[in-house]
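As written, the chain order gives the labels A, B, C and D, with residue 1 at the start of each chain.
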Amino acid sequence: MTPMIPAEDEVLKYFERFCNWGRWGDHDEKGTLNFITPEKRLQALRSVRSGVSISCAWPIVKESPVPDVRHPPLHFMLQSGETPGTVAALDFIGLVFHGHTITHVDALSHQFWQDKLYNNRPSSAVNTLQGATWGSVEAMKDGIFARGVLLDIPRLKGRPYLEAGEAVFPEDLDAAEKAQGVRITQGDALLLRTGWLERREKVGVYPEPPKRPGLHAAAIPWLYEREVSVVCADAAHDVTPSGYSKISLPIHMVGMTMMGLCLIDSCQLEDLANACEHQQQWDFLFVVAPLRWRYATGSPVSPLAIL
Amino acid sequence: MTPMIPAEDEVLKYFERFCNWGRWGDHDEKGTLNFITPEKRLQALRSVRSGVSISCAWPIVKESPVPDVRHPPLHFMLQSGETPGTVAALDFIGLVFHGHTITHVDALSHQFWQDKLYNNRPSSAVNTLQGATWGSVEAMKDGIFARGVLLDIPRLKGRPYLEAGEAVFPEDLDAAEKAQGVRITQGDALLLRTGWLERREKVGVYPEPPKRPGLHAAAIPWLYEREVSVVCADAAHDVTPSGYSKISLPIHMVGMTMMGLCLIDSCQLEDLANACEHQQQWDFLFVVAPLRWRYATGSPVSPLAIL
Amino acid sequence: MTPMIPAEDEVLKYFERFCNWGRWGDHDEKGTLNFITPEKRLQALRSVRSGVSISCAWPIVKESPVPDVRHPPLHFMLQSGETPGTVAALDFIGLVFHGHTITHVDALSHQFWQDKLYNNRPSSAVNTLQGATWGSVEAMKDGIFARGVLLDIPRLKGRPYLEAGEAVFPEDLDAAEKAQGVRITQGDALLLRTGWLERREKVGVYPEPPKRPGLHAAAIPWLYEREVSVVCADAAHDVTPSGYSKISLPIHMVGMTMMGLCLIDSCQLEDLANACEHQQQWDFLFVVAPLRWRYATGSPVSPLAIL
Amino acid sequence: MTPMIPAEDEVLKYFERFCNWGRWGDHDEKGTLNFITPEKRLQALRSVRSGVSISCAWPIVKESPVPDVRHPPLHFMLQSGETPGTVAALDFIGLVFHGHTITHVDALSHQFWQDKLYNNRPSSAVNTLQGATWGSVEAMKDGIFARGVLLDIPRLKGRPYLEAGEAVFPEDLDAAEKAQGVRITQGDALLLRTGWLERREKVGVYPEPPKRPGLHAAAIPWLYEREVSVVCADAAHDVTPSGYSKISLPIHMVGMTMMGLCLIDSCQLEDLANACEHQQQWDFLFVVAPLRWRYATGSPVSPLAIL
């Protein structure tokens, strides 16, 4: 199977072809999360079989096991159990996101294309003083509650993880669906396993210049046609480098900015992949509850899969 | 109905009578979350009827509408949409919890009683340098996924909110169950509405010295016998003052330290109360996904109710 | 004495008349600090008579005594003396400046006028990602070491402090010099006492809308002609409101942006005023050592006066 | 010359022999800074000859040039010059100290020995909730203003820098004084150049396990007898390893805890060393102005030498 690779001109046309601006109204800040209707939530419940719950988050640790973390998370104790007479602990936590170390959801204010956000808002709506005055993560306050489907690409390829810079094509997505006996339909969350962050924890840091496995731009029509609500990856979604000179991150740029696609980054999908294998079941209830942080362009999260 | 008020000696005996240390093994860090088995998760699904999802979190805002916030949340933009050529936003977020302004879950490392944590660990296991080396919120990484039941006490009393220092007794819990036609059983999450934080947003800050509505110590046997997994309140759980000289926060001190009871603080239950009233349905699927922050004594959360 | 109040058109001409762009070279980032030559430092030594040293800083405290502090300083202990076996303390400190609560120096990157910084640089040289790529406080790394002169305006007026919105005119500066028997000359630091922050600590917060005492725009020619190196005030320098519709902060806007005038904000001049009165000496050695924080637009400082 | 190396028993006796507890009163929090009287300040002025001012601080940078920085400084812009209509910049800065990357002064609350601070206070006076309730850096609010003497040990040894783990003995201090034609007397600040941090910037990070050049315990009597007010080093003062099993950091432990010796850490002495060489003058006026941060156990500083 040789994947079809679109020319750069073709990919540039995706910005128009796969544009959802206005689709859910001029004031919409939810994008593809609109696919998750109450009916879809009711359907999603039926994916649960054993009642096992699995976190798709990496632990947040002050002292990173890998040395390429530019902004280590902060955690300070204002009260600890060492003070005589203290009855409770008090913590300060702080972190920088996005980046590639904290499991987090991107709000639609995160990504810009030609000075625009999703739904034709100027990128300056994300300003230095206030943050995201439009498309903040608070738009997701009622959470993501959908049927999730894990497509396990290393399993498909018979390897523990994809290589740096290795692309995932729509043909791979189709093949994984076939191999696993599942099909992604409207409103579903796609959980894409590349094995990449697992590799990073075990084998070491990114090579320089950064090369990461991920979805090829060719997957954009597939995501659009399937009406996927969320793409949740254990890497950064986009294969890097993208192979195009003008579009460094097609999944982010077309997906988020034009389609309004919700992305969840830097997930830990190893535990889930093992559980899926064990139950021979690759769909499940998928729940994400972003912090209701007004004006933030995303949120750290611990996505849950209930099998 | 005159509620039975236990004497202080009686409440002091609760520390022994309602002790779950060792109940789920000597290494247990989950406490009453152990009531939520895979079977309970499957049962919880059946509480969903309409597929509507509601957040039980207050927005996290830099500029608090009320002036009694000692530690305003921090939110800084490292990259915003105002920089020419920038393609994505980057945020720093930071906050202090616990306190009474951020919707958050308490890990079992949060509360101490006589220099002990739940399951007979020394409170010094929560140390200044590292944080919670035992009972960290990471123990909750697979989330809370249970049947939730809202008991709406102001509704029962025919008032918009409870008053400062007003206690909720087990007799009130029974009466609310009866009025609403629900019953809390093993593994359920109790969502207790007092209307307090709603009042605070509308009417203004706490009176000084702090007086808050909440559960009376007399409710402890009720919580124990019903085998509640979680108590989620729109105040600080404990009525303040408690009415006892030696035990300032009985629900925290007996509940967390001895029973291993999971508490979720400072929730926003107004939207949920309205939805329940509208659907005439007071049970639902309740999902909480704490950040997987190793060594933290809790986590900000956005609890979700799916009706 | 009726002070001469310039018309707004006149003040707008100050931007050109008192412009020091290029005066010390096209690459200059020091502005009026250039007046402090090695010879001036040697002369400044002669102002010391008793060898008494006085801090002109307010304490930095987590819990502000006044409720109008939007960004309380952060101070967390990573290691304290409560941990058995710990041999040393470790702190995190953090703060927001500028504002009106932390004693701090403004670097020339702090103030913009019509999208320009001092010395004809674009204000966009202060960017969100990096900070001040030009005119950072690091330009002041060798410190301020000059003759300082305190002009004590409340003493001149026979009152404990100036009133909200009360302006200080060049006629007042001349009169204070005469009353105190001092004269400000090239390279000197002017320390201007209004009594304002002292009043704030004692009497309470600013009235709303903000009104503060400070220098009137009419003082700009005086500052320029005297070739003052630094203006250090116990308020925010500019009288507020300024009396002009187009120029809200003339001392900042003409002074910093055009003249390159170094400003030190929110000082505590009470201890110094008392010591000056006691010694009947209003000039002294004045030393400020900003943190060498690359890309910061200023620094918290503790200015020292050695009498 | 073979240096005299005291046995461990001898060094343990230093804790008693060189104890200044009570010397300046039971409430003293200044320790050896008490040597700097107004008269000493007047004398210190006479060390200034050319009026040249030099910073002894390293720049504080977000992105460290060396990879062993556990807590990179934080710098975020709340307002930058990129926002249309913004007239001023606003910054957040934050950092962890002590450690070996930020030029900082240690307050006497920083170091503990057998659960005691200087002047017989319990180390628990430095608590997690409040910080240093005794011996805070605020005790230094009036600054350090003294004669400084640079002893340039690599110059003495004819090498660019000392080696990892290389000790500086009192014999070296005497020899450097002789070679440079200076003598340290009561109240002077000793600036000790090892070339270590310079080496770190150029050659790379510390070897593991940490080995650093610095003063040998044998120098303690010398520091005591000379009545030095401050030791300011371009490394961490103490040679590491110390050569003693029970006392890892003798200069810190005897010096700070018993003598009340003021230490300034991680300085940049290269610029100063060059200026001294150029002027053939190794004494100067030395000024340090710590932030007046109540309850902090030290402060970042930019020490100034005026030659």
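What we mean here is this: contacts are C-beta pairs under 8 Å (C-beta built on N, C-alpha and C of every residue); 3 or more make two chains touch, one makes a residue touch a chain.
Source: prediction; values computed, not measured.
S.K.: Go through the assembly and pull out the chains touching subunit A as well as subunit C.
M.R.: B, D
S.K.: Scan A-C, B-C or C-D for the interface that duplicates A-D, counting it as a duplicate when over half of the contact pairs agree by residue number.
M.R.: Most of the A-D contacts reappear at B-C.
S.K.: How many degrees of rotation carry the C-alpha atoms of subunit C onto those of subunit D, rounded to the nearest 5?
M.R.: About 180 degrees, rounded to the nearest 5.
S.K.: For the interfaces B-C and A-B, which has the higher count of C-beta pairs in contact?
M.R.: A-B
S.K.: Based only on mean CA positions, could you tell me how far subunit A sits from subunit B in angstrom?
M.R.: Centres of subunit A and subunit B (C-alpha means) sit 29 Å apart.
S.K.: With centres defined as the mean C-alpha position, give me the subunit B-subunit C separation in Å.
M.R.: The mean C-alpha positions of subunit B and subunit C differ by 48 Å.
S.K.: Could you tell me which residues belong to subunit B and also touch two or more other chains?
M.R.: In subunit B, residues 71, 74, 77-78, 80, 82-84, 86, 90, 92, 124, 127-128 touch at least two other chains, as defined above.
S.K.: If each protein chain is taken as a node and each touching pair as an edge, is the resulting graph a line, ring, star, complete or other?
M.R.: Looks like everything touches everything, fully connected.
S.K.: Where on subunit D does subunit B make contact in their complex?
M.R.: 74, 76-78, 80, 82-84, 92, 128
S.K.: Where on subunit C is subunit D touching in the complex?
M.R.: Touch residues, subunit C against subunit D: 37-42, 45, 48, 50-55, 57-62, 71, 73-75, 77-78, 80-82, 86-99, 103, 109-113, 115, 117, 122-128, 131-132, 138, 141-143, 145, 248-249, 252-253, 287-298, 300-304, 306.
S.K.: Quick one: which bits of subunit C touch subunit B in the complex? Just the residue numbers, please.
M.R.: Contacts found on subunit C: 63, 67, 70-72, 77-80, 82-84, 86, 90, 124, 127-129.
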